[in-house]
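Please go over the structures that come below.
Next come two complexes, and both contain chain A; in the first it sits with chain B, in the second with chain C.
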Partner chain A sequence: MSRITAGLVVWGLGLALALGLPGSVWRQAAPPGFPWAAVGPTILAVGTLSLLAPLVAWRGGPGLASRRSLALLEAPPDLLWAGLLLALWPAAWGPPGLGGWLVAFLVAALPGEARWLAQAMPAEHPFPQAWGRAAVNRVRWLVLLRLWGRWTTARLPVWLTATLVLERILGVPGLGTDWMTRVAVRDRAGLAGWILALALLWLLSHRLDREVA
Partner chain B sequence: MRWRLAFLGGLLLPDLALDPFQGGLAATLRHPLGTDDLGRDAFLRLLLASARSLGFASACALLALTVGLLLAWRGRRLVGVWSALRSLPPLLFLLPLAAALDGLPALPLGLLLGLLIAPHLEPPMRARLEGFRHSPAWAAERTLGAPWPSILHRWSPWAWQQAVALFPSAWLAALWGEATLSALGLGPGPGQDSLGRLLAEELPRLGSDPSPLGWAALAAVLALAWTSTPGRRPQGAA
Partner chain C sequence: MRPLLLALCLLLPLSLTPLPLAAQMVEESLGRDPGPLDFIQGDSYEQWILQSLAGDALVGLGPDGRVVPRLASSWKAQKDGAIHFTLRPDARYPDGASVSAEDVVWTVRELLRHPQASATKRAILEGAEVGVDQGRPWIRSRKPAGRLLMELARVPIAQRGHPERGSGPFAFRKEPGAWVFTRRDHFLKPRIDGIRFRLLADPGAVMTALQKGWLHIGAPATRRQAEVPPTHRLLTQPMHAQLVVWSRTGVGQLQLLERWRRDAFPPQLLGQNARPSRGLWPETLGFETQAIDAGAALPKGPGSWTLHYVAGDESIEKLLLALRERARKDGFHLQLIPLEQGLLGERLHKGDFQLACAVVVFDPHPWAVLEYLEPKGPMNFSGWQHPRLAELSARLQQGGEFDWRNLQSLWARNPAALPLLDFRSVIWVDRNLQVVPSPMGLYLHTPGAAGWRWSRE
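Coming up: the complex of A and B.
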């Protein structure tokens, strides 16, 4: 059985589990609609992250992966950033809302993503370092361009988890909360949609992985 | 690894006695962080909650390492399965499950966390074991037809040594997994005090009515994160 087939079997089982999710809610209600209002802020957050992280990795190069300062920023869990934001947010400004969520998301995810990219970059010694700064920058740019697709598809579920934790702590409804709500209200069709989307991401990251290799 | 394993003892520590008439006291020399709403010394509670969280994470990490070792050694034909399981972060699976069940008790949570972290340890573990699998030592064992108990007796310390290098990352993943679930009110019940539970109680009031215990819990999480940062974490073991 090939890797892809074995993986698809797992996703198929996940789909079957979603469609046959046991239990029912005490008071049957229509499943909630998809939170379209959260799509814009999510695209903004993911877009900013997917531009900032490669930029940081491009500036820092593969050496960034072993930098202690970045590891220290990456180490605290998402809930700590949300907690700090809640603690330091002036009460007079009202709840942190989407702006606070965006800041917490970027602070929580950026160091880890920059390090992920830096770790995946090839060593630069002796070449292209010997060819000068311009060559180094050019090679980094090309590498990041090849990595970008694989990186975003592989990391989207991790970002979804981060946003779910932040949404719950900061009280902002979003895509992460939607995934959780569909389990709570036993919306089997909606949950199956989520599983299919995650399976598609996995499949895509595998195909891109093979292309890069 | 040893200092982390020492905290397994924290799981056996008794609860602090409640004294509601002494609740909400300010910080004094006798109670350096004051007392919580139920009259427990906040400093002692922070120490106890931290010890239990660390012990819980150590137990989960041990389970994850053992399962990860088995997957890396025996599950080579199913790498696609482990890859698919890895693509779903443990918390993305655990959070809705815990919400649907109104919280997860300590034992099922520990088992699930350990089992969900294990696939993330499989690739680095496989990379470590692959060299041995192709070595003359392993070929000799197979050629001579040594019985499994003697092979295990000879090689399991070495295999465990390989696994131990991955212990800190598994430990951190388990620690933050439990803390996040508990901080969101979806972890073990009040019987299992932990850092996450402290945060669940203190986070909502940090902005308006902060207590020394809330700040101390945040500082403890930050200190733990910074002191336990492994040099290189296996990718995806978030």
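Coming up: the complex of A and C.
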């Protein structure tokens, strides 16, 4: 079975789960409208993360994966970062809003993503270290360029949905809140739309990421 | 130097001129996304709040629960069961059009016709006829006029062909992450500039927002015994809300629960938000306290039952744990099974449970309890029925009357549900904001938010 077929089977199962989601609501509620206004900030957040994380990994190299300080930053859950931000945010500034959400998202996601990338990078000893700093940087650059597509594809569904906690605490409803609300009101068609959109993104990135013979 | 002085002299009076102040919006929060404002399809507590601000029903319920004029300035019940309404001439939609009898007819017919229409409103209007007589709308139903009027307070009228447009005291607009209502020229004469709701699903976040002054109204998290901040005051009021347990396996379990509810819940766990229920039906709706009158002996331990409940509410979980400990003293094991709300809903509808509990918010009139009894009642999960029900319910007129007591006695002989707790609303309100509390909350009565004002006005 090819990787595409295996992936499509998994997405198909996800689609079946969305369409056959068990349960019924006590009082039928209309599903929410799609939060188009949240798409821009989400693209900004995901875009910033997808640039910053490779940059941090490029700077730290594969050794970053085992660095204790990074693990310490990675350990706290989103809940803690959002709560901390909310507690430290000056009252006079008003609610944190999208800016606060973006900061909390990057602080919560960046350490984990940088480690994810660093772990996937090949060892640098003895080569290319023996060839000097420029060679190391070049190799890291090529590796990260190769990894970028797969990494984004693998993590995108997680980023899009895991922002729910931040959204709940900071009062910034976005894409995470949207799919959660659709689960709550049993909007099976809406959930299926989500799965199809993510599957399409996956398929697209898979085509872009084709192995060179 | 001289031109500079001249410029300063010109600017000084300008700087002393008071600038127009930004609208003083009331900042509020919603716990769940209410979905799009829709007077036909919308059906959730949050949606009711939106509709009460942006729409007007024919009649309203005052803070004391009595029927008061709203869109209709007067009404008259006819002998044939129809109620004729006289509409206010000054009620208008945001586009300037007057509210007409045709709008009333369209709203009622659309609620009865539309397959996705609000189930609550459709149940209110089930079997109803609507029409226009000499420019005045009328509605005829099998229900007694008193009941129909009270229930019609839950049916705001939408403009014909525009299910999202009402004539209420506030104009609605959706902003990213916020639901904004601004004051309109309206017969209720709202005195606040508007209300802005943000979606804050996390109780801890609501608490922080209240303490930082970002919300003017909000419910403090029940798990924290926090001091009211100096900017706010505490407001408590009884609610038509109870924690109810349904039984599929007979009245025996409910008899035991009736005994346990008296001493199962420590006061410090209940706080100000709840107290043990005393009767079978809400006292806030005017019902006298009535005990179960099954005439059967209490079940003897040991025994084991399962109790399904909605997962995720920490305070409810703690209370149920206290109930489990109380049951253990009598030799019964209460197995608590948390379920996601939708899954519990499905179990209730299928009758697939021994005991199940959920928080119920009753409609603000005594007929709301008929949801337990009527054959297709939304809370009749055990198929409860009685041959005398139809005869008794047809005679019901006003709460607290003899026929209501008869009906409650009938239910008390073989109840299918028992309330464990009566809830109270505990909220913090900005000290400068004068609101009108009621058992329906701050929004769902008349005048609702239109009666609020800032005290520094």
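As a convention for this text, the second predicted complex is superposed on the first by the 169 of 213 C-alpha atoms of A that agree within 3 Å, B and C clash if a C-alpha of one lies under 4 Å from a C-alpha of the other, contacts with A are read in each partner's own complex, and residues count from 1 in each chain.
Please note the rule applied: a residue touches a chain if its C-beta (ideal position, glycine included) is under 8 Å from a C-beta of that chain, and two chains touch if they have at least 3 such contacts.
Keep in mind that this is a model prediction, so the values were computed, not measured.
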item	value
First (chain B), second (chain C), both or neither touched by A:143	neither
Touching partner for A:70 - first (chain B), second (chain C), both, neither	neither
First (chain B), second (chain C), both or neither touched by A:118	neither
Touching partner for A:56 - first (chain B), second (chain C), both, neither	neither
Partner chain in contact with A:10 - chain B first, chain C second, else both or neither	first
Partner chain in contact with A:206 - chain B first, chain C second, else both or neither	first
Dominant toucher of chain A (residue count), chain B or chain C	B
Touched partner set for A:198, first chain B, second chain C, both or neither	first
First, second, both or neither for A:18, with chain B first and chain C second	neither
Chain B versus chain C as contact partner of A:38, first or second or both or neither	second
Shared contact residues on chain A - chain B and chain C	23, 83, 86-87, 89, 91, 168-169, 183-184
Contact footprint of chain B on chain A as seen in their complex	1-11, 23, 65-66, 71-72, 74-80, 83-84, 86-87, 89, 91, 112, 116, 119, 154, 157-158, 160-161, 164-165, 168-169, 179-180, 182-184, 198-199, 201-202, 205-206
For the chain A and chain C complex, residues of the former touching the latter	21-33, 35, 37-38, 83, 86-87, 89, 91, 94-95, 97, 168-173, 177, 181, 183-186
Of chain B, residues touching chain A in the complex	77-81, 83-85, 87-89, 91-92, 95-97, 99-100, 172, 176, 179-180, 183-184, 196, 199, 203-204, 206-208, 210, 214-215, 218, 221-222, 225-226, 228-229, 231-232, 235-236, 238
Of all residues in chain C, those that touch chain A in their complex	29, 32-33, 35-36, 38, 41-44, 47, 116, 118-120, 176-177, 198-202, 204-205, 208-209, 212-214, 340-343, 345-346, 348-349, 358, 378
